[in-house]
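We call the chains A, B, C and D, going by the order they appear; numbering starts again at 1 in every chain.
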């Protein structure tokens, strides 16, 4: 449905990751190879943490295609960040409007999603009712993705990201089943707080959308000693992407089915992901 | 907050009403005299019934100002209709997006609003929960105005427009009071089904936004025998507007406080409007 | 680079031609089969003549993709016309802005184009200087297509459309050659005045972009007696398109290389097209 | 017609200058006090130099009003710069499109303008012909402002900014007079190269649009020892604005009629400005 990219590591110009690589995200907006749709032209967004305003990420989103958007190029070529997201959208019925573009933000947190809640029209009201009433008034758009974010916030995202996402996924599963939807959830999700980022790959049917993480930079450097870019970035630099960028052999590894990873200072971690169906109520 | 105009009568080019009069609606988008805001530049919309596709009105909306929108001029100068709405928006916090622009539509029905639900952030969830679950998934935007429309649909708009609007207003009053809001509702609303249109003027505090209806055409014709435009339109032609257009003495009459009118084939009717607080439930 | 469609005949809702057929123009905006680009998402436009405002066509253009534009659908589903154009754009370097979208208009005339002037940056100034100084101030955009229209107007479009287009093409050829461009022009062009429309297929190298015209309706009706749509439209109804719509065998015929056609009341005409290089001056 | 602001000095978040002051530029987009138009809602732009990409400024422009644009707020609240421009537009006939929004850019240089060339439609072609043919293909929009920039570039802007602007103004004066325009030019212009910035105030009739520069920071600090913001910025910090911001007594000084200033490392300079009519040719 969509494509996304998440970067964490040595501060770089956004354009070094978003525009310059072969098969870059901007290129994917016109010619995705692995997406359900080859064209992702229904809006885009970027979110980045700036060093001295890190209390909240900057979010720039627009409703046109990424490939012809000049402001996106300008910002990407002049803004440097050590942790940023980018997302291109292929709408599946919901309105093409800024509030339906990713990333979504709440305070320090940002969120983006590829996939869908199957039967969303059937489930939307019940899921919305499960959102913390104090958060409900902040819902601006009409997507499943935004609602998934609000549910994760409701279920404790800032305290326990994997747990909150698991509870959100569990609620979607149970609500879907209550409405007779066989495979309610299909998702790859990225979430960040400015220090760390988490990536999730999950689907009810066990056939999730593609997701890749980049190989450790020191390993890549050994494999490709002549590649200049690798010399300029720290060992800790990591990308998570819907589709591989560039053409460096050995650079990309598939995120395993139904698992999640944490990109953080120190060692990154990868582990299994399972919806938590024991929390929250299902109305239906 | 906003300005609107509703026309019913002899088929005319939309531009004859929207663009050509002195102090036209387009002019009001830059220089409103009677609105809370002088500038209404946060989007606009028009809705019209076409003779041979009258099963549903056409709705054209955009997020920029009306005064510089070329497509609006093009459509207005080339489309003829016997019943149409136009609306210019001054946003008060909610997103500037197409789905927050008026008119809203459901089947044959269209709806537009000027005013606000006070304390809307407090009341939004409770009001949304009162929407018919079968309609809830169609909510696309984040305004009080769209929600008022969905509540009126929930409460029987197609069968009994004044009753449905009264029940909607009653629910807003009760929900507001339950949350400690003193004067929950401020509204002028227009609604149409392609044959008839209804206009409502109401506010909790009894100081409603301005609303005017045009004098009977035969009376005006007697007053202004030299005015050519009046010779070309039927006696039944009627406008309802937030602010008077043009400068024809005797042309405009204030809609009384807390009342509503019906513009229809045969005699138009005007009557008192009171919220109906006996129906619907209030959660809070 | 782009795709277009021109309709002349029995008044129909625009949507019957633009939205409903298999492989419609809107579908081509996402999935063109015969275009140089499969995606035409850099803006669109429609232009139509309305029966009682036929002094000038209505032009509605926007910078986003056609496939997700709601206003386009609304207008197409509620406006009827007997002569209309539609165009979807794939930009090749020039800005994505309304003034670069087709159709272009001057008085009763409208114009749209698929193709390009090769080496346009080299030739642009010389071509602009050849525009009638009285028309020059009306140039709003930066495309070759708009400039071709202004040159055709300069060279007598209203009096002699094929001659004016031939003189425009001749000037482009000569100016291109003066700047060392081997194959200066590649074009399919449609132009109309509200009564008739002309279509041109030409390229310097003799390998022009695809262009098709529809078979006579009476012939098609004999071939497909069960096809209801064919019973409702007049024998004179004709479409010219970049790519065939629908899947009716026998419905489409290729416009021959380097030729043009006239769709008009009475018999349509097709003839050879050759640039006229004897008129106008070339600066360089 | 428009309003603008230019900042040079201690690196600040753009929002500290654009959003936070009383009567900020964003506020002026809705409620200008000194402009010809009170509403400047026909597009906006910002341009800034980033420390490590200072070869070229970033330019972000959009066609909607500044007051409701979220991307503008996001960028302003997360980007820091020591030299930046911002501009809000009130169109006077030309198209509302990104390429007509200020600032304009060429390499390291950026340019913005308030005012107009009187009789621009009469003069446009002659002025365009005077643009260096190598630069002509880069013209993207249809404004007098962009053309003034291209003329200044043609006349040596990078080598001698005041001289180039004087020659541009001289050409406009002579071309205007050749076409019978009495007072051809009305302008306040800002131009920068990343190190220095220049501001010009001039009109043919000697009644130029308003322009102000800020008082030396050390003087202001002595006047207002309690004002915290003044303690955080260097003595060299300077603003030039169409209308005063904030409400600090003594902070603003009118740029004298027909003069220009240079904001640069070391002492700033102010001097008389006179069009240079001895250079360039006038066709007409």
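The criterion applied here is as follows: a residue touches a chain if its C-beta (ideal position, glycine included) is under 8 Å from a C-beta of that chain, and two chains touch if they have at least 3 such contacts.
From a predicted model like this one, the values you see are computed outputs, not experimental measurements.
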Shared touching partners of chain B and chain C are A, D
Across the interface between the identical copies chain A and chain D, with over half of residue numbers shared counting as same and under half as different, the residues used are same
Per the C-alpha centroid definition, the whole-Å distance linking chain A and chain B comes out as 40
Multi-partner residues in chain C (2 or more other chains touched) are 98
Contact graph of the chains (line, ring, star, complete, other): complete
Seen from chain B, its contact residues with chain A in the complex are 94-95, 97-99, 120-122, 124-125, 128-129, 133, 136-137, 139-142
The answer for chain B against chain D in the complex is residues 30, 38-39, 41-42, 63-65, 67-68, 91, 96
Given the complex, residues on chain A that touch chain D span 13, 48, 50, 52-53, 57-62, 70-71, 74-75, 77-80, 98
